[in-house]
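Input: structures, listed below.
One chain, subunit A, links the two complexes that follow: it is found with subunit B in the first and with subunit C in the second.
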Partner chain A sequence: MRLVDWPMRGLQRLLGERRMAYVFLLPNLVFFSLFVFLPLIINVVFSVTGGAALFPSERPYVGGGQYAYLFDCGSFVDPGSCREDHFWRGVANTLRFTVFQVVAMVLFSLVTAVVLNMRIRGRGFFRAVYFFPVLLSPVVVALIWKWILQRDGLLNAGLTALGGQKILFFIDPGWAMFWAVFVSIWAHMGFYTLILLAGLQAIPADLYEAAEMDATPRWRAFWRITLPLLWPNLIVVIVLALIRGVQTFDEVFVLTGGGPGTATLMVVQYIYETAFSNQVQNFGLAAAASVVLGIVLFGLTLAQLAASRRRSA
Partner chain B sequence: MTMRAWVSALAVVTGLLAVDVAQAQTTVRMSWYSDGNEGEVVADLLKRFEAQNTDIKIVLDQVPYKAITENLPVQLASGQGPDIARVVDLGGIARYALDLRPYLKDAAYWDANFGPFLEWMRPQGDTNSIPGFMTQLTVTGPFVNKTLFEQAGIALPGAKATWEDWAKATKDVAAKVQAPFPIAMDRSGHRFFGLAISEGAKLFDAKGEPAVIDDGFKRAAQLVYDWHKSGVMAKELWGSVSGAAYRGANDEFKNAQVVMYMSGSWQIAQLDKTVGNAFDWVAVPTPCGPAGCTAMPGGAGLVAIKTTKNPAAVARVMEYLASEPVLSEFYSRSLFVPGHIGIAAKGLDYKDASPLAKASLKVFSDQVAGLSPVAYKLQGYANNRIIFNAVISRVGQAISGETTMDEAYKRVASDIEQQIAERNKK
Partner chain C sequence: MNRVARLLQIRRKSGRWHWTDIAAYSYLALGVVLMFGPVLWLVLSSFKTQAGLLEFPPSLLPMSQREVAVAGFPQPLPLFSATLDDGSTRVLAQVRRIGIVAQMVDPENPAQQFRIPIDKRIPVREFKLATENYTEPLERFAFTRFLGNSVFVTVVATLITLLINSMAAYALSIYEFKGKNAAMLMVVGTLMIPITIILVPVYLVITKLGLVNSLWAVILPGAATPTGVFLLRQYMLTLPRDLIEAARMDKASEWQIYWRIVMPLAMPALAVLAIFSIMWRWNEFLWPLAVLTKTEVHTLQIGLNAFQGELQTQWHYLLAMTVATLAPVALVFVFLQRFITTGIANTGMK
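Take a look at the complex of A and B:
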């Protein structure tokens, strides 16, 4: 212990107590700079270059050409009118997926957390069960559900055993999107439930006792006590679910491959395919699309943080 | 000197010698993907090479097909690739290939036996280099579940039957035996273009530039589209995923759900192993269109990579694998159509193949003579994967009901134009 103490004390004497904070922050800052900020800058540099070469020095400068190509649209609500229609189909799908997923995720997580906060039998067991899918890799989750949902999967076996017809879930665009949202909620709900459960347990019990003494109906107590006090946790859940929704890739990619057609193609899959899996690896276009995605995510986070600040002020 | 001292001295000398041998070893790294059992075969052959050449150690990285098509090009672009790789996108990888000619003991052997295929591996404008050799020559073509035809009491269409004849026959069989896939075609541009060229697609203009959308192409695309509408083809392959994703129907064929599976010669070893005695399957000649009955040639080449630090050692490994006795054994054990002129001329005895596999190999080998020059030209075109990918992506969208065929044609043309322009940007 003294071995560590000695240089630290020396440094503190040299820099003063306040500046010591920066000494502790420095190692992480170096790692962040190297593995986050530097790639970010390289990505922006790539987005203003073209060609198929990998090294920036070998790539011709094209200015805003990649962005102009991405935004070359007849109408932004009709992806088919855009020159790079796959990008806009990805944007539309990601928006749809995120809206449905966030609303449903928050709703289900909230209900589950409220129920698991009550004194019910087997509460510990249920908490573990709901959290268990969070521990699984997204690829494993998708493969499990694919096995259930495919033509000869478990669900269709059940349907036919009951005398029904097989449903081709991954062929119908509506079903494919529904299952993409469903599987995402199934896999991650436990995590958000846990955050909300922590928030619920932090609410002082005497508030509910006082409400009970005033003969306040339960729904009113929920509306007037639980929800306002849970709001900071709800904001965290909404922000995290939003960011996760916009970034969604692995589960949906393994589950549906972005299909049928491009019905479940997400923006991140578009970026991945443009950069790595297409024949001509178009790093410039993929970088431009990821800059656009980054700006959207940054904007969303700022908006949500502002909303949270206003509520807590 | 005591006995103990002698033993110690001997141990030190042995140790030093071992260190010396280890230090003198050159490591050659090879990336290899497999369709069937060829990974085991090549590992076995390389062990023999190492036993005879103790100065070279070969690290065989057996990777998935996707790693070869998606990750390897990025690795190579960054200069971090292996020394040798088994690749399918021969034109796309050509710029990273090493010219083995200066390192080979007998370059004339390579010219004589691999000559026609070397062009597929060379960068544009290069007529001399020797980048590697074909681990197999592939020919696209259909496999048919003969047992399902027999159960349905329907005769197999003859050798010169058209695609429409096969569509009708397979649909009738599927209806009788309750099979969900009358025809299953791999979601692959390579598979589609055998049909397209048979329907009259010319693909290139007079200057040799891609001109993909013509009447022949449209006829083929419309057939595939219509088959999806009428239930001859199920949407699970072409209509289920997006972009250029490959989808095969091996599992469905193995489970007797497919009447006719349009794939190719590389599947023989796998089908021989996985189908076993479950049912009788046969390879049949490629169905015909108004312009002929051509399949698409292709294959995987073993290519030396330019960034290697040990070109001489790489050349020795390649010379060993490409030598006639070793390559004969490789083709024979992996049930591949030879991509070596001498071996093909002599004929190959596939000793371990079942009668079904042997018969299929004969059917595919016979197809080689009937391949269209357009098919060869497309296979040799450096940007062919751009064409393949654009077609499956856009026709797939039309099949899934997202767009019209006319819109798909426009998008195919613009995708090809845009991607080739991007690749040529300097």
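Take a look at the complex of A and C:
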């Protein structure tokens, strides 16, 4: 590091001690501007242009044309009535996916956290059991489950052993969505469990002792002590799960490919395919869709900030 | 076993089993099956032969039919336990099958031939690990290349992330300067911006930089992570200021203070960030998928995804490669489990 130190000393002589802060900040800011700040602006520019060219200078201005095209629907309740029906199917699927996922995620991670917080031998081991899928890549997670759920897979073997029929899980739209939600919960539950566990452990034990002295039933202690005190952590879990749900792509894409048909097509997959799939490279439309998605995520982020502010207050 | 026995004897202070204890342990047992089972099944399956994978219902362990070399036959022959007309059973090797009749020989005495109806014979099976599932992809596909690409991306990206994020964190924790609040705001503001909503313009920037289909296209955009800056800054704020003042008195340059004093002291925080960065980078999927279209620059994750399209019928390779992809992460987890879980619980990052 002598090699770096020498020019740095020169810089310091030039700028003074205090202004060296800018030098330390500079690399990060360059990366930030180039890959976050600038793209955010370009994204908005893209969304008001048309054509197939990649460079903004070669793209004709179309005003709100892309947005108008996205929102050109006969009825907003029926995605099929929209001109860009895949976008709206993606929206509907993402909504459904997110709602199911958040509800189930909160329920399961809460139960798991409460159980892991009990006086249980091998707590560290069990905590690890629930947590380790969090580290697996989405592709690996999806392939594991694809292997189990395939036509001649383990689950169908179990079903036939119990006297049932084989089910083609990825041909049936309802099952495909169910497994998309299930696999997502399987993969990420450990993370949310951990957040709730941290909250549970912060609840003072003497509250429970006092409750026990008063012969309060355990379920009542849970209702009156645990839930209210855990509420801030629960909000964080809900909002994080919402944000993740809206952004879902990888696992579902590898698991079902968005199918059958468009039954598990998510908004992000729509954006990715609109921009990068080989048949249509419509950057303007993809950018408009991601601006819409960005606004939704921004709203959710604000909600989270408000929630975490209330927690720290 | 002893531990399991002890586990079962644990109960509440009162010394009696409360129904909630039973419910809790049942829930946890179910959890172990549900969380570990699928991965175990994947690993077991990855050692099955191609024929073994097609079996339905599947066998639990990788079993395959035993084969035997018989004098006079160039290929090894599959072994069966056959029931003869007189009701006795013998172990025979199958030469060929004609309709519903199998032509079989005694492996000890190849001259002796038998004609056995196919429903009168049961394959002789043995436990065998099909390690060729792991070795063959190395020769036949670009698997090593993908592995190399993934390792390169992970290592280089993590080093860059650690360097530039720690520099920024140092600036934001040690100094007072004009624009500090603006810089902090920028960092916080990007916390929640996912790559998905700026996919197209980042692609444009990468194209302008001439980096499409280069591994740098994957490495650079995610290098400045706001979570990393945040974590490191929180940690650096706790370092004693006197130390830095003392170093300044000793005529150490600002860079030396950062590199020689603050960085070594921030090791625990740097380690946590390093683990996270390694996980993020190793598992990254959508962005590499968008920006790396040539096979020779694929990372493991996109290689694997491409395989599952191409190799629909070749689950034996696909499963083995999936195991190989998950193994490094699993190893990291086994050794650093405590560290990772407390790190996440404390910082809420992933």
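Here, the second predicted complex is superposed on the first by the 265 of 313 C-alpha atoms of A that agree within 3 Å, B and C clash if a C-alpha of one lies under 4 Å from a C-alpha of the other, contacts with A are read in each partner's own complex, and residues count from 1 in each chain.
Definition applied: a residue touches a chain if its C-beta (ideal position, glycine included) is under 8 Å from a C-beta of that chain, and two chains touch if they have at least 3 such contacts.
This is a predicted model, so every value here is computed, not measured.
After overlaying the two complexes on the shared chain, residue contacts for A:54 are found with subunit B and with subunit C alike. Touch criterion met: A:259 reaches subunit B, while subunit C stays clear of it. Between subunit B and subunit C, more residues of subunit A are touched by C. When both complexes are overlaid on chain A, the residue A:273 reaches subunit B alone and has no touch with subunit C. When both complexes are overlaid on chain A, the residue A:95 reaches neither subunit B nor subunit C. When the two complexes are overlaid on their common chain A, residue A:86 makes contact with subunit B while staying clear of subunit C. Of the two partner chains placed by superposition, only subunit B is touched by A:170; subunit C is not. Residues 54-55, 152, 276 of subunit A touch subunit B in one complex and subunit C in the other.
By the touch criterion given at the top, residues 1, 4-5, 8-9, 12, 17-22, 24-25, 27-29, 31-32, 34-43, 46, 54-56, 111-112, 115, 118-122, 124, 126-140, 143-148, 152-154, 157, 160-161, 186, 191, 194-195, 197-198, 218, 236, 243, 247, 249-250, 254, 268, 271-272, 275-276, 283, 286-287, 290-291, 293-294, 297-298, 301, 304 of subunit A touch subunit C in their complex. By the touch rule above, subunit A contacts subunit B in their complex via residues 50-55, 60, 62, 80, 83, 85-86, 151-152, 168, 170-171, 173, 256-265, 269, 273, 276-282, 285.
Interface residues of subunit C facing subunit A in the complex, by the touch rule stated above, are 3, 6-7, 10, 12, 20-21, 24-25, 27-28, 31-32, 34-36, 38-39, 41-42, 45, 54, 56-58, 163-165, 167-168, 170-172, 174-177, 180, 183, 186-187, 190-194, 196-205, 207-208, 220-224, 229, 248, 253-256, 258-259, 279, 282-286, 289-290, 301, 304-305, 308, 315, 318-319, 322, 325-326, 329-330, 332-333, 337-338, 340-341, 344-346, 348, 350.
Only residues 69-71, 73-74, 77-78, 89, 92, 180, 235-236, 239-245, 247, 255, 383, 385-386, 388-389, 396-397, 399-403, 407, 411, 414, 419-420, 422-423, 425-426 of subunit B touch subunit A when the two sit together in their complex.
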